[in-house]
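So that we are looking at the same thing, I have put the structure below in structure tokens.
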Amino acid sequence: MQEAIPLNWRKYPERYRLEGTHCRECGEDFYPKKTICPNCRREGKLEDKQMPREGKIISYSKVKASHKDFKDETPYYVALIELKNGVTIFSQIVDSLDNEVETGAEVKKVFRKLNDKKDGVIAYSHKFKVED
Amino acid sequence: MTGISAYGTSIPLRRIKVEEIAKQWGDNPENIKNGLKVREKTVRNQDEDSATLAVEASREAIKTNQINPKQIEAIYVGSESPPYAVKPTSGIVAEAVGATPDLTGADLEFACKAGTAGIQAAIGMIKSNEIDKALVVGTDTSQSSPNNALEYSAGCGAGALVLDKQGEIAEIKKTTSYTTDTPDFWRKAHNEFPDHGGRFTGKPAYFKHVINSTENLLEQIGKNKEEFDYFIFHQPNGKFPLKAARKLEIPKEKVEPGLVTPKIGNTYSAATFLGLANVLDRAEPGEEILLTSYGSGAGSDSFWIKMKEQPKDKLEEKKPEKTLEDKINRKKYVDYGTYASYMNKLKEVY
Amino acid sequence: MRDVVIIGTGQTKFGEKWEKSLKNLMAEAGVKAVKNSKIKGEEIDALYTGCMASGRLVGQEHIGALVADQVGLNPIPSTRVEAACASGGTALRTAYLSVKSGEHDLVVAGGGEKMVDVPTERVNYALGGAGDQETEIFNGATFAALYALMARKHMEKYGTTEKQLAEVSVKNHENGAKNPYAQYQREISVESVMNSPEIASPLKLFDCSPITDGAASVVITTKEKAEEKGSDYIEIKASAQASDTLNLANRKSITEIKATQKASKKAYKQSGIRPKEVDFAEVHDCFTIAEIIAMEDLGFYEKGEAAKAVEQGKTKLKGELPINPSGGLKAKGHPVGATGIAQAIEAYKQLTGKAEKRQIENPKTALTHNVGGTGATAVVHMFQKPSKEE
């Protein structure tokens, strides 16, 4: 949906800075942002909060066959990463030396291009890199 | 006063060796390495560009000294390879580091000295009391035409400085410049690759501006070369800075710490920032640094930088956890095909 | 409350149907179902059709209207139901509810998908809509990649092996080879699965269900009406559905699909049939790992034990609990919107003794299980052969 400019612009704080939501009522952090607290619903008191930039890999996969936006970039790694505050996020793993991508590896967030097609705006977002 | 309170760097993981490029075009790698004094250069990943490198370098600077990004009141990004012809990288960096919206921003161009022009702009804003803190970045992921000498040296990287009135790491005591119209290296708006004047890029271009600017600075501040501990010159290859040193009668030991091109290639607008970072990583309180950049077209900006007097351990705390050297040593080699594909060269050749 | 039954079914052959359009497929399945049910078009009160991604795959929305029009049944009400890969199952449930509630007396629940008209990368992008577009697809996820993350975790936690996953695929092909409507009619070996090209580690090509065109329909009515007509029918003893977070990252666990657990518990309670009493099941094997996880979530095997059960042949056609006798999504094919309905068709054929070469011996109860995305929707139905009351 790269042509959807406002849709992507609205996501900059989440994608660029891992900004999520914190509910002051139940004390939990959420990512991506929530409109309503899943625990407290209308009783929730939500505020913006930046998620930690470090975490560890819970599971990963090397993607060889992708969809139209990424077919030039295969193979690439995707992973579920548990951030230091317990929130899990889906992201790509980049710049790893061989054998570094494994469950439990410590990773940290980097700022990278997601998409750069001829039309539309360049999409930047989070990816993660294994800590050396 | 105006000075540097934080610095950060970012270079890609990947490298390509001179041998690999030479193999592609049937050149003799030893001749190239001796001629240019470059062994290998950085190659950006498909998902990197001068904006992502700028963000990573900026983040390192901000994080190291726990700078509140909302206190940054100006962001200047100098580059000759911005991701957009129209849409500023400074805006993207501002959003990514969380400095928006109460600040000014601009993208600057002047070939490889776009970043140091940004330092001068920041100094102006700070010294005139308009702002207290500025973020200045030099960043590039430069293009080079296949089968052209530039292919051996055109690299990718970014360096960032946070400047303010406190100068926690070093003070920028004086700056001077030397600017002319000299057609040594250019790229017209709709061309993919730059062109250059061959040997014309030497004496009438690089050396004339670097040497004059450096000598002018020394004269203006009334100091001798001997009083400086480090000289950082713009470094399109590993040879020119050493030749400039000889012409200026400066011992090469004072130039070598600031010379990173042999291992990462010419990072264009980032080159002097990365050379400076390499020096800052090892410089001690009180030491004196002279930095002269060079941008084709042409111009040089010179700076007198003095490390802040403070206990050594206090200074060390303000330096990033990873040195530039650490980053230079963490690398992964690619072959020519991968390099050409990542640098988007394939479509333009035929 | 009324008893609801299926009195007849119809489907197209599943596969790459170059000459057939979405309209052709939907109409063909619908007409066959009506013919096989021995009813007349005039008797139909409403249509419910599952279709996931016609917008992205053929540029067409408003599928409810499309189907009614194509089968000449204007002006009856016709509605599209969408729940990603569970579109068929939820269309079935919606149709069931409309008869159960007394609103309608006889309806047709169908599903279909036309997937080969756009390049594969676009199909993957369209299927990505089953996940979270903004945080999964945008970041490079494909469905295979998301299930691959679940697979790897399951393998690390329970010791499930790639070879055990391959056995799921082999069994389903064995069954599909006996199903004249299946996309793939040939058996494969464990070796061929292990050597097939990697799609998203550890899943390989033959761990993944294919891209398929097809449509399927069932006719649903009250038991009373079925008895009146003297039709061959099966009873829908339970229909249950549950939801979970849209994206995989926000789930409490990635080695189970809680929505399946919740829906199946409700279905067991509603029907009074316990897991041990289920004679066979059609589960959602969009990827081999999904079948393993389903076997555990549905309460058939303990957590971590399903892979061994497959390896031991317990879920083969002649095993203690046949799973996916139709060939499953893997061998039968997965025209997304049709799948949930096709599962019900297999239940009907087996329970009425019409499964021919794949016939299980005297089954009385069946469970069908249809999942949307990586588990954001799960819908479970229980079917029973009518007990002959004199």
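Should a chain be cited, it is by its letter among A, B and C, assigned in written order, with residues numbered from 1 in that chain.
Here is the rule we use: a residue touches a chain if its C-beta (ideal position, glycine included) is under 8 Å from a C-beta of that chain, and two chains touch if they have at least 3 such contacts.
For clarity, every value in this text was computed on a predicted model and none was experimentally measured.
Enquirer: What pair of chains is linked by the largest number of C-beta pairs in contact?
Expert: Highest contact count among chain pairs: A-C.
Enquirer: Suppose every chain is reduced to the average of its Cα atoms; which one is closest to the average of all protein Cα atoms?
Expert: Measuring from the global C-alpha mean, the nearest chain centre belongs to A.
Enquirer: Just how far, in Å, is the C-alpha centre of chain C from the one of chain B?
Expert: Roughly 59 Å, centre to centre.
Enquirer: Which whole number of Å gives the spacing of the CA centres of chain A and chain C?
Expert: Chain A and chain C have C-alpha centres separated by 31 Å.
Enquirer: Using the touch definition from the top, which residues of chain C touch two or more other chains?
Expert: none
Enquirer: Can you pull out the residues of chain A that are in contact with at least two other chains?
Expert: Within chain A, residues 73, 114 contact more than one other chain.
Enquirer: Once bound in the complex, which stretches of chain B touch chain A?
Expert: Contacts found on chain B: 12-13, 45-49, 51-52, 55-56, 59, 83-84, 87, 92, 95-96, 98, 330, 332.
Enquirer: Show which residues of chain A lie in contact with chain C when the two form their complex.
Expert: Residues 1, 7, 11, 30, 32, 58-71, 73, 76, 78-80, 88-92, 103, 114, 123, 125 of chain A touch chain C in their complex.
Enquirer: Going by the contact rule set out above, which residues of chain C touch chain A in the complex?
Expert: 119-122, 124-125, 128, 132-142, 144-145, 148-150, 152-153, 156, 197-203, 247-250, 254
Enquirer: Residue numbers of chain A touching chain B in their complex, please.
Expert: Going by the criterion above, the answer is residues 12-13, 16-17, 50, 72-73, 94-95, 97, 110-114, 116, 121-122, 124, 127, 132.
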